[in-house]
Amino acid sequence: MEQYLILFKNDFDDFVERLAKIQKLVAPVKRGSKSFAFDEVTAAEDVSLNYIPTILPPKKYFMPQNETIVEYEKKQNKWEAILYSEAITLFGVHTCDLAGIQCLNLVFSDRPNDVHYIIRKKRILIIGLECNDYCDEYATCGLMDNHNANGGYDLLMTELEDRFVIHVNTVDGEELMGKLAMVKPADAESMTMLNKMRNKKREVFQPEIDIERKELKPLFEESFQAEVWDSIHEKCLSCGNCTNVCPTCYCYDVEDEIDLDFNKGKMVRKWDSCQSRPFAMISGGENFRPERGGRQRHRYMRKFNYPFEKYNRYFCTGCGRCSRTCMAKINLKETIETLIEEKK
Amino acid sequence: MKRKTVAFFDFTCCEGCQLQVANFGEELLDILAAIDVVMFREVMSEKSDEYDVAIIEGSITTPHDVERIKEIRETATTVIALGSCASIGGINGMKNSFKLEDVQSYVYGEDGKNYFETIPTMAVHQVVDVDYFVHGCPIYPPEFVKILKYALQGLPYTVKDEAVCVECKLNENECMYEKGLTCLGPITKAGCNSWCINYGNICYGCRGMVKETTKNASIDVIKKYDIPMDWIMGKFDMYNKATESEEKK
Amino acid sequence: MERTVLLKSPYVASEGRIIESRFLTKEEKYFKIALKGGKLLDFVPGQFVMVAIPGAGEAPISISSSPSQVGYFEIVVRKVGTFTSAIHMLEEGDMIGIRGPFGSGFPVRMLEGNDMLFIAGGLGIIPLRSLINYVIDNRRDYGKVSILLGCKSPENLLFSDELDEWQQRLDVNLACTVDRAAPDWDGNVGLITSLIPGVTLDSHMTYAIVVGPPVMYKYVLTELVKKEVPESQIYVSFERHMKCGVGHCGHCQMGSLYCCKEGPVFNYAKIKDNIEAL
Amino acid sequence: MARSVNVDVKYLTRVEGHGNIVVNVKDGIVEECRLDIVEAPRFFEAMLRGRSIFEAQHITSRICGICACGHTISSIAAAEDAIGFTPSEQTTKLRKILLYQEMLDSHILHIYLLVAPDLLGVPSFVPLIDTHGNVVKRALRMKKACNDVCAVLAGRHIHPISSIVGGFTKIPGEKELDAMLDILYDMRPDMDSTVELIKTLAPAIPVFERETEYVALVTDDDEYPTLEGDLGSSDGLRLDKSEYLKITNEFVMPHSSAKHAKASRKSYMTGALARFNINSEKLNPKAKAVADALGMKPPIINPYMNTAAQLVECMHYMEESIAILEDLKANGTDQSEAITVGLNERNDIKVNKGLGVGAVEVPRGLLFHSYEVDETGKIENANCIIPTSQNVNNIEHDMSKLIHEILDKPDEEITLMFEMLVRAYDPCISCSAHFLDVEFINR
């Protein structure tokens, strides 16, 4: 049965403290002068409720940057697939990042499914945090329809004046709220406030680019030869920041790490970037994406074209991280706008 | 596996990279169990003219260095360039931006050049073949151990051709460009785990540049800042002057 | 952090033992491998395995033997880097990890009853050999069999004994060419494309299977189209950078296709419009 | 007895950098007695010209891996003096910790890995792994501890990352302070064992005396001076640091890529023994206790005792680091002081034209850096004078006296005595291969 709860802001400190006692609690915290990151917290004062997308998306908890997947013993010729995981409550996930996690779920459930990912995911409880307004000018969540949550959470909190309304989406979420023993069912007043806020959101969030969402796929499909890739080629530094910060980029490398005794060792999965030069290089020396422009095109295709073919879903959540992080100022919005221009 | 005999040699450098090795703490004993160190002048008096693996620290800056490195190459089956000075010329390469007589007389007076021979700074591979490169000023200990393991197994190892930014992002540092500062992370080879940025400083490019030349794009980015152009160029040259011509190839 | 052993992970390797090994050329080494406990590697020609060596990593390697050989399978590896150097140091009795088989193989059933034209350039013969031997082992199920082989120079020719055997069979046509001639070479000199015009074929009945280095495809495919072989009757097999073998790591992507999963064998008609494929 | 001796030690081992000892005695007459510095010259001062003053620290740290923090701090002191910047109190405290840890680290390395093998009669610490496993492990552990403190504070000991002109790019918070304190508390028992060990080895320290001048920083307060102070000597000299050239009086000797120095006499000594001789009453009480236990009273004129003075200092720097850290912990650190300057793109630091000098005590003695910058912060002239280059001259005078006292000993023993003498100074030869422009002195 659908269930809404309320938490008054006065109780928020207590709420966070209790959450932290149950299991490891992870929430957005301030990092540097203008940036944020998901990190372990124990008290409400550590948490930044008002934050723009974190440097890395929460994917780092689902597929860690460095993840041991196999341990071996050479002399015994023993290979074991290993998972190191822990129970985590992930607090304060924006709606775009909820969508990002949903994309990863699709990929790693694709056969043969990646049990490492799937089991780890099961141990993470997700508490979403609804965005009432834009983070900044880089976001395109309106266009991608991710300013509202479309599932993907156990609990979703919406901040309203003096309180939070909490939507309980799963039994796990319900259980957690039970354990806290401090939230009450939402009253009619709270629900009215929630609806009012959602109505207002409808005005605030509009497609940031003048294109219909369903037109994005054909736009990119036909853009292989577009000139915009050439101008991006000139600007791009190939640093790989855009892919590492993207909530839906999941490419990885697997490295072998043997101990100094040359017997025990492990295979470690590490994030990799299609923007790095050797990414698509093969043994004869051929590089299938030697040009930075081509590599950027590939990145865009993997957001707006290929996954749509495969999963009927765009893999851009509109979080704006790629544009925010790019020191060469390659901007997703501008790229799409230029493509629209070019097509005319 | 038979333990390989290993000798350390230093050329023109600060000896910090050898010291990084000496600084491993008790882990040094694990390393010493895997190899047989026959020469390590900084901490040992033993000497040997026979060794399988020669670990070379420092750049080649005198005619005598050239002779010595050639002899070492002939004896060793494996040569490892340790640290920026050896692997890319490093800090010593800044000298190459000046006329040799000028630096000699500036430091040692007009007669300087008569006492102290010097030639343009070279990385080790610019004189003899090098099998493994351990970049960094100083070397990043985990990377050294990693490469050593490949060397001891007799397997080739290529430093991944990607930028320090990659590691910097994975460590979730706030970007220097976000703070209004310039940083050489985007064009510098990764492998140090973005050491400097993790500690709040910028990347100085000590590991050499990634293969793909994006220096121009990078100058475009940096030009927006209010700093003299020759300082921008100086940034690139601090470590990479000696090997800059290779980058053009 | 809790440590869990995952039995069903796609990353667990089976134990393989090298039961025979030898250098075919200076750069290529051959290995015959048996899985522990006589386990069967259930594969079709064109598939590949991920081979693991502790300390050196993992690499995708084509299965070169025919599935009609039982009790073992064969691979041939060229030394190009870390993993490939490590495997070159291994010998009879050494153990390696094997994952797979992975990828789509050649549609052997569908090919039955048709004429076969095999075209292999360079290392392309390694995976193709699996299918050729399969076809020869089941010779009566197939029509005419022609094999065109090309490589850099005579020293690079792989499986020369086997080539001789094929050559001597009446029911197989074999033609060979090298890019650079040695003085004692009495065969063809020239690119592999130069052999195609000389082949007589019934284009409706013929399935062409092309495997070779990336540069080769464009030219060979043009020649085949000239010979009026229908695009849907041409199969190709590609090499791409691969790390997982199971369609997740992203390295082998060509357009929207994952070479390791949807490939490495592709029907030409289906991928000819994929800009990143050819 | 007229005898001939020919000592020719090529590439003296267990010292930093390349040096050769040449002693040539013919029929009882000393013809040659030299320490040659054969390290390739590196020309740092020349390379600094034209660069931003904000790069000076990063570059000059690379003069020497073993004294990287010392160079860093002296370079920063000179740069800040030149551009007219005054560091905060917190910054000064943090810099002291860095400096103390480097002294400690370097002394430990010297005592255990470089000198102890001589006292135990083995060629290096490697054979000691089997015979004195615990001692070697302790040495490595203590060294690592110092490194770890530097790593927490500044990212690493060799070429520290976060210590820059203007302050620190990262300020230790409570967690980091605790981490450093824990490491140092854990080090205390190891330090006590070290003192015990040296007490047993002390009788093996050669007895040889020669009077000379000792030079170190001096102050009027009661802190053992390292980071700030005037230049003082046992002959009564006292000068402001800006007058450092009057003390160093460098001159070029053709046999060495190091320049030589002399103050009031033919030569002087700087380093742990000099500091002890001049400032011993300012030592931490625990360090004084170590000196007492070794029976050390200033002035000590046996250069071999430099190693003992280093041990006394080890205790001092460890305890003083702990004291500063405890103080920072009690009062909390100000994170807002963290500053990243880069090339001063944001003009965070105001730059004035000027000439600045940094005079800092580092493991081997006084280290001078000096820069002249224009109003944009561009380095116009640079100069660095390294302790070893100040000591080389003194070493040679020691050698000349020593040779006469041991002429009747066998060649191997003479060689060993010389090697031990040079090693006692803990010469940092890679440092000493960079010297100033004579022109610049006289200007």
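First chain written, first letter: the chains are A, B, C and D, and each begins at residue 1.
Basically, a residue touches a chain if its C-beta (ideal position, glycine included) is under 8 Å from a C-beta of that chain, and two chains touch if they have at least 3 such contacts.
For clarity, every value in this text was computed on a predicted model and none was experimentally measured.
Asks: Could you quickly compare A-C and A-B and let me know which has more C-beta contacts?
Replies: Of the two interfaces, A-C and A-B, more C-beta pairs touch across A-C.
Asks: Using mean CA coordinates as chain centres, what's the chain A-chain C distance in Å?
Replies: 39
Asks: Just how far, in Å, is the C-alpha centre of chain B from the one of chain A?
Replies: Those two chain centres are 37 Å apart.
Asks: When the C-alpha atoms of chain C and chain D are each averaged to a single point, how far apart are the two points in Å?
Replies: Inter-chain centre distance comes to 64 Å.
Asks: Calculate how many whole Å lie between the centre of chain B and the centre of chain D, each centre taken as the average of the chain's C-alpha atoms.
Replies: 25
Asks: For chain C, jot down the residues that touch at least 2 other chains.
Replies: 55-56, 81
Asks: Scan chain A for residues touching two or more other chains and write them down.
Replies: Chain A, residues with two or more chain partners: 258, 262, 278.
Asks: Considering chain B alone, which of its residues make contact with at least two other chains?
Replies: If we look for residues of chain B contacting two or more partner chains, we find 149, 153, 179.
Asks: Show me, using the given definition of touch, all chain pairs that touch one another.
Replies: A-B, A-C, B-C, B-D
Asks: Flag every residue of chain B that touches chain A in the complex, lowest number first.
Replies: Interface residues on chain B, with respect to chain A: 1, 30-31, 33-34, 145-146, 149, 152-153, 160-163, 165-166, 169-170, 172-175, 177-179, 185-187, 210-212, 214, 217-218, 220-221.
Asks: Going by the contact rule at the top, pick out the chain C residues touching chain B in the complex.
Replies: These residues of chain C touch chain B: 55-56, 81-82, 85-86, 89.
Asks: In the complex of these two chains, what residues of chain A are touching chain B?
Replies: 31-35, 37, 54-56, 65, 234-241, 244-245, 257-258, 260-262, 271, 273, 276-278, 292, 325, 327-328
Asks: Spell out the part of chain D that touches chain B in their complex, as residue ranges.
Replies: Interface residues on chain D, with respect to chain B: 11, 13-18, 39-47, 49-52, 55, 58-59, 62-66, 68, 109, 113-114, 117, 123-126, 129, 136-137, 140-141, 143-144, 147, 154-159, 161-162, 164, 168-170, 252, 254, 257, 259, 338, 340, 342-347, 376, 430, 434-439.
Asks: Quick check: in the complex, which residue numbers of chain A touch chain C?
Replies: Touching chain C: residues 69-70, 72, 74, 77, 79-86, 107-108, 110, 112, 114-116, 119, 224, 250-256, 258, 262-263, 265, 267, 272, 274, 278-284, 286, 288-289, 298, 301-302, 305-306, 309-310 of chain A.
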